[in-house]
Structures are given as C-alpha cells and as structure tokens.
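Working notes, beginning with the structure itself.
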Amino acid sequence: MKKYLAYIRCGFLEGCAYRSTFITGMLANFIQAVVLYYVWKSIFAYQEIVNGYTWEIMRQYVFVAFLCNSVFSMGFEMNIAERIVKGDIILDLLKPLSYRGMLFFRMLGTAGMEFAVTFLLIGSIYLAVNGTRYLSGIRAILFLISLFLGMGVKFCIQYLFSLLCFYTDNSYGVTKAREILTNFFSGALIPLSMFPGVLRELVRYLPFQGIVYTPCCVFIGTFSIEECVSQILLQIVWILLLSLAGTLFGKKAFGVISMYGG
Amino acid sequence: MIEVQDLKKEYKIAKKSAGIAGSLKHLIMPKYETLEAVKGISFHINEGESVAFLGANGAGKSTTIKMLTGIMKPSAGNIRVMGRDPFANRIENARKTGVVFGQKTQLWWDIPVVESFNLLKNIYALSEEQYVRNMERFSAILGLNDFLSQPARKLSLGQRVRADLAASLLHEPPVLFLDEPTIGVDVTAKQKIYAFLKEVNQEKKTTILLTSHDMKDLESLCHRLIILERGKILFDDSIEKLFDRYDGGMTLEQIIIELFEHGTDAVSYVEEQEI
Amino acid sequence: MKGLEGMKKCRKYIRLYILFQIQNIKSLAQYRTDFLMMVFFTLFSQGCNLGLIGIIYSNIPEVGGWTMWEIFLLYGFLLFSEGFINFFFQGAWKITNMIHMAELDRFLVRPVPVGLQLLTAKIDFDGLNKMVIAAAVLIVGFIRCEVRWNPVKVILFLLFLLEACVIRVCMIWIASCVSFWMEGKKNSLNYFVISLGEMAKYPLIIYPPVFQGIFGYLIPYAFVSYYPVGYLLGKAETGAGAFIIPFFCIAMLAASCLMLRAGLRNYESSNY
C-alpha cells in the first residue's frame, strides 16, 4: 500500500509540475462551457422549456458538467505513447507492481490537484450564478460518490485507449479521438436527454454517460433518489466490465512490445 | 575583417524564490538580476587569420560567437564583420559567413544529408558549377559519400560534424565561425576535421574563428589565442608568445591551467603590453 | 529598379517556401504515419462537433436568429482557416519550441528571412482533411441557405476566406512570439487563442457586450467567421463589419512583423 501512496504523491506533484498543461486544457473546456452557457441563454430567451429543461436547470448543468469533465482531464495516452517510442515503457513494466495500478494511483494524485483547482473556480462561479438554493446534503454526498466513480470509468476508458498506442504512432490522434468521444457521449457538452431518438437510446448503452451525465443529474436533481442509486450501481458495473476488457486487451498489447525491441 | 569594440552582453535572469508563494510574488513584482556574460571586450581580426577562443564554461565564448554571427543583439558596443553590423544586416552577413555549432546540427533532421545540401544550394543561390565543385572536394576530403543518403538523425556525431562543416562552407564564405565543433568527436574524426580546416584556411584564405576545449588541436590550426575569463579578455596574442611567457617544458594545456589559476598575473601581462 | 528587385526577391522567397514545404513532406514520409487513421480521426471529431450543433438544433429552431445551416457556415469558415494553417503555415506553432531549444540559431545564420523559415518549420497533413471537410460543409451550407450568388459575391467569398486564414495565422503567430519574453518552456497562449475560436462558432450577438468587444476587436475572431458569413447571408446586424476586415488583416500582419522583430532583439539563445 505504501508504494501506491508514493504514486499518489508522485501524481500530485506531476499535476503541479504540469499545471500549465492542465490549466490550458481546463481553460479550453471552460471557454466551451461559457459559450454553451450563452448559447442556451439566447435559446431560453425565446422559449421557456427545451426538452424538459428550464433555464434554471440548464445553467446549473453547464457548470456542474464542466466540473465533472475537468477533474482528471489530463490524459496519459501521450505520455505512454512517448514512453513506448523511447522504449522507457520497459522500465515501468519491470517495477514490482501492476502497471495499471501505478497509472491509477498516479491519476488519483493528479486528479486531487485538478479537483482542488476546478472546485474552487466552479464552486465560486456556481454560487455567484445560482446561489445556495438548489443545494442539498444527501445529493451532495451521492454526487461525490458518483463523481469518483465517474473518474473510475474515465480511467478505464483512457487505459483502453492508451493501449492502442502500442499499435499506432499517432498518439495525438488517439488522444483527440478519446477526448472527443468522451466529451460528446458523456454529456459534458449537452444533457444526454436532449439527444434525438436513436442516439438517445445508444448512449444509454454506452459507458460514457457515467463520466459526466450521471454525477450531473445526481447533483442538479433531474434524477430521483432511487434513480441516483441505480445509476451509481450502473457506473460500478461499467467499471468492472471495462477493467476486465482492459486486462484482456492489456495482455495482448504488452505482447507487442517485443516488436519494438526495447 | 572582424572588428569588435567594447562589446557587452547582459542577460536578465529572473530572481524567483521557491514555492508557489514565490511564483506568485514573481508574477506580480518580478525581480531580475543582470548577469554580465561579456564585459566590454575589444579585438581585431585580419583576413586569413585563424583565431581560437579559449575559456572555461561560462566565460562568454559562445555568447561572443552568437553576437558575431548576428544571432543575438549586443547590449552595448560595436561589431563590424566585413564592415557590416551582423545583427542589423543579418541576411547580408549570413550570406558571407559560415557557422558550425558542435552541439546542434544545421542540417534538416529527417531528410537525407544530400537533400539538405541541395536546399542549402538554393538558399545561398549557388550555381550548379560551384555546388558540384565544392561537393566533390568536400566529399573527397571529409568522406561524405558514406552517409550522404542517410537522414541527419541517423549520423554518428563525427559524421554529423563533418556534414555540418561541409554545409557551412558550401557557399565559400570569407569568414567561418565554429563553436566547439569537435566536442565529443573521436580522435580520428577530429584529425580529419582539423586538417580540413587548416587547408581551407591556407588555400582559400578563409578567416577562422573557433572556440574549443581541445587545446592540443588548436595548436596545429590556430596561430592566435584569445583567452576569455568571466567575460573579459585575459590574453590575446600568438601561441608562441604564450609559450615564451612560461618555461619551455610546459604544454599548452598546463600553461592554460596555470593562467586560470593565477588569472590576475595574466591580466597585468596584457596591460603591460598595452603600455 | 527597386520594384524589380523586390519582385525578384519575392519570387525567390516563394520558390524557397515551396522547396521547404517539399522537404517537409519528404521528411514526413520518413515516418510510418497512419494517414488513413488520421483521416478517420479528423472525420470523426469534426463529425462530432457538427453533430453537437445538430443536436442543439433538434430541440430548437434557431440560435440568436441563425438557423442550423447558417451556423454550419460559421463553422466552415473556422475549420477551413484552421486547416489552412495546419497545412501551409504549421510552423507558426513551433516558434515557442524553436526559441527554447535554441533552434532559432540555425535559422538566424542563413540568408533567408527568419519568418519564412519559421512558417515552414513544420507541416501537418491533417490540414488537408480539415480543408476538404470545411469545403464540403461550406458548399452544402450555401446551397441550403439559398444564397443568391453573383460574380462579386463569389470574389468576396474567396477574399473573406483568405482574410480569415491571414487573421488566424497572425493570431497564432503573435501569441507564439510572446515566448520571446517568457521564461517557461511552455507557452499556453497560442492554445488559449485557439480555444477561444470556440466562440466564433456561434453568432456574436448572443454574447454580452464585453465579450462582443473582446472578440470583435481585441482577439478578432468575429472577423474570421461572423462578419463575413453575416455579410454573405445578408444579415442586417453584421452591417459594415465585413469591410473593415482588410484593415484588420493589414494591422495584424504589421503587428506580427513587429512582434518578430522585437522578439529577435530580445532573443537570448539559451545553451541547452
């Protein structure tokens, strides 16, 4: 356990060291959130309800979604790809602990840093825009649980994508594709219930909703408490399924290393 | 050929205290320290001379070379290379000078060396005849043919420096600057390089100015030494004069160690000369 | 006499530009790049971006008085200019890198303008994909919006597109040149400028006046998409904005040149 604590610490320090990358990424997401805020604002100026959402709910959604999306926004695909190309990945694999475990705990540390920064920023903006009237204790707790699980889902997805880097040297493309995939299908940009027909059905059966949409809905109250619990359980199921996939794919992918000759 | 008067270069270095608080403080009220890398040096180099700059790390050699080549703007003082200010007339100056940095290549990293040469031919607008003549000559002396078809990133250090050297001389510049050209290069390659430089210097009357740590090789190539220490000139004269100052049995290397250790004596030596 | 000399110089530089770019293409060929994969990724991500707009519009008829296809036109202008930079002037992105690795040194000892060498320092084939997608979006968009074309409008359209590219290259250029005065190895400013492009995907009027001011004049994204498209669509609110664009282009080109000059004066080639 002690060595994993060391990795959390290491991840936290890394997060601090690469804060400019993080801040740039966060700013980009933030600008997107601000743009969507004004787009929705101009839409709600003409009509009161869009697909069941009122302006009151929507303006909470935009900020909470941004918070969920920013925590652990730094992908590690590029990092892994770089280590594969340089051959440094061998060094990671030689360490007496699971590669995925190491990545996970490093991520936890980094996410801690990111969470602190985004939480301060978004918390204050949220309070300035919405005040305290929508907050409730039980939902806040469920939200934190759901947010944490959402990070787990995101980690599993990133891990799967980073394994792709063993097969292609276009790590930038892999990272971008993953980013866009998660942004689009997780509800980071737009509530999933606004998706039209078939697409709405599709996202229901994808893991991405667990990253942003689930915690968001838990917090702003579009889920009833029972729904919250069942959705949180669904997140856990997805984490289990995705980590199983990660293990299977990982076994195959690490076999490729010999091709690079170290 | 090259005239330098009271040349100075100051760097601004941020003074930051450690930690986040320190960074924040720096953001609001940045504090800078000025570091004088070159503290007012003057010298004069004639056509066809070959001069070596010697000095410890941080003595100001590279900074001086970078100002002479027009890469950096001097903080104060005057430089004339063939009558021109190299920073203000950068393009004109570049047309008439060749530069080799031992630490990094000027060749295109990912394309075969021969393609790099071809690009340089276009950049310097060389005639086909001049290009072919020089390429043949350089290939023969420096043995370029072995690796012309390889991309620069695949060359060994010795090969790379040889290719860089050829690249910098392709347009037959009257002045050649070399900044630690043979750093890390093995002995045989080094010999080839210095023999080639000597030939260029003698046949084409190319003025050569180089910095190096390899004192032994300098002896064979350069007749004049400029020794820098902390941005000032300690010694500027022929190598023989330096030997004369010390007992005959000492090698150049020993003399220079001696010189650095008793720096003040040497300064007084220069001053005596001026009187 | 002087004009003739200038022409000659110009021709020489264009020739060098082409030569440098050909070398870039050759050096890319040295690597095993998955071109098909890149095409796929780009198609996918741009599809998602367009899909997002589509989803918003599946719920509502218009945003700020603009229909979906009109918004797609804004997107087309943005994407085209982005692809244009990627393909023709991707080097503008590398300035920061060049400064901190002291790679600028080798550019400075060659008798070719530094700006030209910087702009051609890199090439990104993805730009081609983006330009093709953008062109398709623009064509379909203009058909759907039933724009009445006449020769003047066609010329204006091409001019607008060119101006959009120029403005965006200059934006990245200026943001990158700030690195001359920064100590850190990273300059996030150019990413920030790119991220702000998100704003230009929607009509300027939906933003509060402060933002309108910023994007209208300080970081002139409004001139990349909003004003030209608004003019072509005959939107009243965009007014005469489209006719100021050339002045903005000239001002930004001048600012870019000045930034580079001032930066080079400040350049301290580091010894890394």
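Every chain is named by a letter (A, B and C) in the order it is written, and numbering of its residues begins at 1.
Keep this in mind: a residue touches a chain if its C-beta (ideal position, glycine included) is under 8 Å from a C-beta of that chain, and two chains touch if they have at least 3 such contacts.
Everything numeric here is computed off the predicted structure, so don't read it as measured data.
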(request) Compare the CA centroid of chain B with every other chain's and tell me the farthest one. (result) A
(message) When I count C-beta pairs in contact, which pair ends up with more: B-C or A-C?
(response) A-C
(message) If I average the C-alpha coordinates per chain and also across every protein chain shown, which chain's average lies closest to the global one?
(response) C
(message) Just the number, please: Cα centre separation of chain A and chain B in whole Å.
(response) 52
(request) Starting from the mean Cα coordinates of chain B and chain C, work out the distance between those two points in Å. (result) 39
(request) Mind checking the centre-to-centre distance between chain A and chain C? Centres are C-alpha means, answer in whole Å. (result) 30
(request) Return the residues of chain C touching two or more other chains; collapse runs of consecutive numbers into ranges. (result) 31
(message) List the residues on chain C that touch chain A in their complex, please.
(response) 31-34, 37-38, 41, 44-45, 48-49, 51-52, 55-56, 58-60, 63-64, 184, 186, 188, 191-192, 194-196, 198-199, 201-202, 205-208, 211
(message) Which residues of chain B touch chain C once you look at their complex with the stated criterion?
(response) 11, 14, 62, 66, 69-73, 90-92, 94-95, 97, 99, 101, 103-106, 108-111, 115, 119, 122-125, 151
(request) Flag every residue of chain C that touches chain B in the complex, lowest number first. (result) 12, 15-16, 19-20, 23, 26-28, 30-31, 102-106, 108-113, 183, 264-269, 271
(request) Mind listing the chain A positions that touch chain C in their complex? (result) 20-21, 23-24, 27-28, 31-32, 35, 38-39, 41-43, 46-47, 50-51, 168-170, 173-174, 176-177, 180-181, 183-184, 189-190, 194-196, 199
